[in-house]
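Presented sequentially are two complexes of chain A, the first with chain B as partner and the second with chain C.
What follows is the complex of A and B.
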């Protein structure tokens, strides 16, 4: 009996300390400067910045030649990265001179992703597309790729700029932050309380969005109340459990849940459905439309915010080809990306895909990913 | 428990490893190059270091599930001591290593003083140490280490990655301790029959305490090298490390029931897994396919070992 009590006490202590020591701002945000957009729809002006990406050493002339490209996303086997893969393959097919494939870890694990990239460098590819699990941890292996003359382009989740050539930015962080908070305010009112289910507190995209959401809410919806941010590691079961815990913990005080990943949002919607709280607790979040269709159809979820990941993969592949061909050089202000037209260069070495997209009951049926 | 039988499992494994190396070298001309092999050595160093201690742990009939969490906690403490507390980096490294060692000592104390089964004790500290890592880190990464620090994880000495020298040295030391010293024989005795060992006057608790403490120390050492290799600290570092480590040790012929196992076996087990992961990836097999092959090899090796034992009336 004593043994069990001890083990339980240790376990409890371990779990508690995780939350008890957390900071006072919205937990899960990062500590970088925020840049909230205007409360109305005024677009932000793009600031001019010099190219800050890296460049491969001794890269052979690949202009117009067939190239071998590997795409290493954060993890494989989830809807979101299946969609980016589809975009990459679409673009490769359209280009006709690219042999592209996707491979990566089955869990969003920094070490495994690094090993995958390392192996593909050894096997001799011409180009690497990546979505980083950690912006700094992935940098040494990407620099090694550049050093070996491989073209490196990121999408979805950035690395430190000098470790890759270009990064395709699916949506600016402040744009997503604004869209999420505005949608939530519309559903739960200006004085509603909400909680956040994220992947981990250090995942770069989610941390940045949460920081921007916090800044935008403070500026434009100051009376909304943030309750708590919980980690769910892009794990379906864990996300469901975390959302259920939030519902039980806060009861009627909880008016809304933000899902920060394409796994957390449907799992939170399922938790709300199973708790019989549809219509009482709003779920707003980032997710792929297919996963959200049942909840949107039942009116349990009204707004799903995202960009189009197929377009994102497509743009990344087009950018990589343009870099390999030498048509996209440091200092460029835009790049031609096939059917997407001209995409704008921002922040020195990033390429902006466009404004975020809110899927609703009216339009979600048109999307299949 | 004869030397001959121990040798046999390692012989099978060695043959299997050589076969795998030959097949993989034929599948991809990029595999059997000095550069690739040294790089693979670099990548397996963290798992390798922890596996040395884990071999001792499993030989005593125990298990340590908390090594991944200790790695995460030590990594975070390294960053916190350096950036938040303001210690000079070398001192922060020593302090973090000390904390990793203490975490291991903590495991040992819970297991020996309170007679908690190692599985339960380290399952609890798996959560405890990871929770501490996340709490202490305030969910922030520590970055911006000075250039010299990256030597441990990315540097080379005489053309061989630094951590591979370290791994080689410690493997030799661990092999000698387990195979040739009184302490090693005590380790086997504890695992083979703890009660008998106790009545034979072997200091069972002290032996275990040393071993779990060493596991903490090596997990801490792996943390420093890992941080140096990836240039940042995160609270989720080392998640799932315990499984990779235990897989290598068990494939190496160490019995999960204790009393049996060698460092040579562990080294071979780790090399086989790493070679398969790397070689299959280089020959165009995707990640999911590689995991399947590793699972099959693991089952085959363990079945072979079990059959072998039965034939010998084990």
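What follows is the complex of A and C.
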């Protein structure tokens, strides 16, 4: 009886394996239309879309005048938002006419974040920067700020568009896809074979990135060979096991591993390290610098792709100043952002930070998040 | 109620007695052997040293946690909070290690904490008679919520090299494998040959009979949970030291994976029967299946489906065996 049932289970397992062998497109991508960037650094043409942000009512003329700005991130006291704060303060110092400070909850808690913003509206500020803990729940308090004539600009995590004026978008899917593929091609060559470790095939962001990577690789690095995509949830240990199995399965054929999550990338790097394959198998992926420092220091990992949070804070502050000055108006196609140059307006009321940032041995030490 | 691991059916040959006592363990072992044979035939690299090491080390911490879980289930209880406890232990150990404490403190203190917490849980269950699933569900929320509140989601990085015990390889074999094998053997001997080990089966098989025989079931349950804390503690340390990063979140469904290892390893969910050898073999089987799925190009999603099928098959077999024994 017991052996029969187990035999049946194993038989079913065998059948399943037969059906899943087919398939040529990159597994793990979604079916939505892709928009691969040009192979060189040409930015994509912005699709025309009307301004869909909000507007402050009865805002005083702030052009060129000193303004008081508060930044309320998701939470304070962690490296990531310390870095955005640094960018905001850098920009304020450079501008010379902004009194900026960061204040916010010590936990990523939307209720506390709302309370902080509400208190600053009452105490009187000219501008609010935010990174929302929840796009919908934060909307009423931001609308209240707009109603009181305060300029509101978001970064990192958006609210519903009509609750703020502009949002600084740190990275688009096609930009991340291009950066990852270009970095991998640089490390393993135009004919290298690679595999992908992702969270699950249906996780929206990862599926979008993989689809864009596939489209960009087909256009710009057609000879690179995708081997397979494995799922590892957001589980450290599973990511490590999956990456190790990939290394064991493909042997010398495997030249590179993409980590699609900030969990999968360090775990894949650890798998390569423990397999003694540093320098033979490249790991390229999305990750935060702190988790990757040991591998970058040992030259096991050369490229960690993300965005630069210091630049993100800097751009948000510059955008807020431009809005207060009236130089950034609905319908604009770009905005001047100090040392970052002209940033492109996308999706109606968003400003694209630019190409993603690649952390390398030379710069990773400057970041702590 | 028969006690498959220990009572001796009369009138059978020693070989059949052995099969009767370790039936499920043998089935799991044969499944592992079958997987190695089939997948190894498809792709030789499945049988490489590296891959075999990876399979045995990959789930070692689950196997070790399942030793304690098997004891808890044999005693007639369950613990659904073990995944959260492992997450808390990993974070405690990592925090101590990066704060500059000697590594032995970073290893030992969290294990003592786990023993204390679980002894408390065991006492609550034994003396208030609240069902263990209720108490441990509460514990799950407390530990998980507490962990997120204290860490605020921050990861622990920059761990000292000497802290990474799971990365050490005495005699070329990952230390996690040594721990898994050593603890399984010790626990198996302990459960079979010591008075306390026998008491766990007796309490789980029939608590009133155990009491009538002069055992103290309450004390046994507290002891079982404390032991379970010890094994969960070691599992947590191995989990924490496998990679250079400790996440502030608990692996999803870790408690279910641990319970599944016990059940598929032949521990009856009704209590009273089963061995830790079975649960360790089952944990190895899971790692084996997970690796095989990649070698055969099958989505890892099927791992869940296959495990589900195996649970149903095992429980059905257990019920059939009980009916036959009656």
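The definition used in the following text is that the second predicted complex is superposed on the first by the 188 of 369 C-alpha atoms of A that agree within 3 Å, B and C clash if a C-alpha of one lies under 4 Å from a C-alpha of the other, contacts with A are read in each partner's own complex, and residues count from 1 in each chain.
Just so we're on the same page, a contact is a pair of C-beta atoms (placed from the backbone, for glycine too) under 8 Å apart; a residue touches a chain by one contact, two chains touch by 3 or more.
Small disclaimer: the values here were computed from a predicted structure and weren't measured.
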Exercise. Thinking of the overlay built on chain A, is A:59 touched by chain B (first), by chain C (second), by both, or by neither?
Worked result: neither
Problem set entry | Touching partner for A:244 - first (chain B), second (chain C), both, neither | second
For this session: Return first, second, both or neither, reflecting whether A:364 touches chain B, chain C, both chains, or no partner chain.
Result: neither
Problem set entry | Which superposed partner A:116 touches (first chain B, second chain C, both, neither) | first
Exercise. So, does A:263 touch the first partner chain B, the second partner chain C, both, or neither?
Worked result: second
Problem set entry | Touching partner for A:230 - first (chain B), second (chain C), both, neither | second
Exercise. When the two structures are overlaid on chain A, which partner does A:137 contact: first (chain B), second (chain C), both, or neither?
Worked result: first
Exercise. Which partner does A:201 contact after superposing on A: first (chain B), second (chain C), both, neither?
Worked result: both
Exercise. Once the shared chain is lined up, is A:340 touching chain B (first), chain C (second), both, or neither of them?
Worked result: neither
For this session: Could you pull out which residues of chain A sit against chain B in one structure and against chain C in the other?
Result: 2-3, 6, 8, 10, 13-14, 16-17, 20-21, 77, 106-107, 201, 231
Problem set entry | Residues on chain A engaged by chain C in the complex (per definition of touch) | 1-3, 5-6, 8-10, 12-14, 16-17, 20-21, 75, 77-78, 106-108, 201, 228, 230-238, 240-242, 244-249, 251, 263, 266-267, 270, 274-275, 288, 290-291, 293-295
Problem set entry | Touching residues (chain side chain B, partner chain A) in the complex | 28, 30, 35-36, 39, 43, 110, 114-117, 120-121, 123-125, 127-132, 134-141, 143, 150, 154, 226, 229-232, 234-237, 239-240, 277-278, 281-282, 284, 286-288, 291
Seminar exercise, completed: chain C residues touching chain A in their complex are 23-24, 27, 31, 34, 38, 43, 45-46, 48, 50-51, 54, 58, 61, 149, 152-155, 157-158, 167, 239, 242-245, 247, 249, 251-252, 287, 289-291, 293-302, 305-306, 309-310, 312-314, 316-317, 320-321
Seminar exercise, completed: Given the complex, residues on chain A that touch chain B span 2-3, 6-8, 10-11, 13-23, 27-28, 30-31, 76-77, 101, 103-107, 109-111, 114-116, 118-120, 122-124, 134, 136-140, 200-202, 207, 231
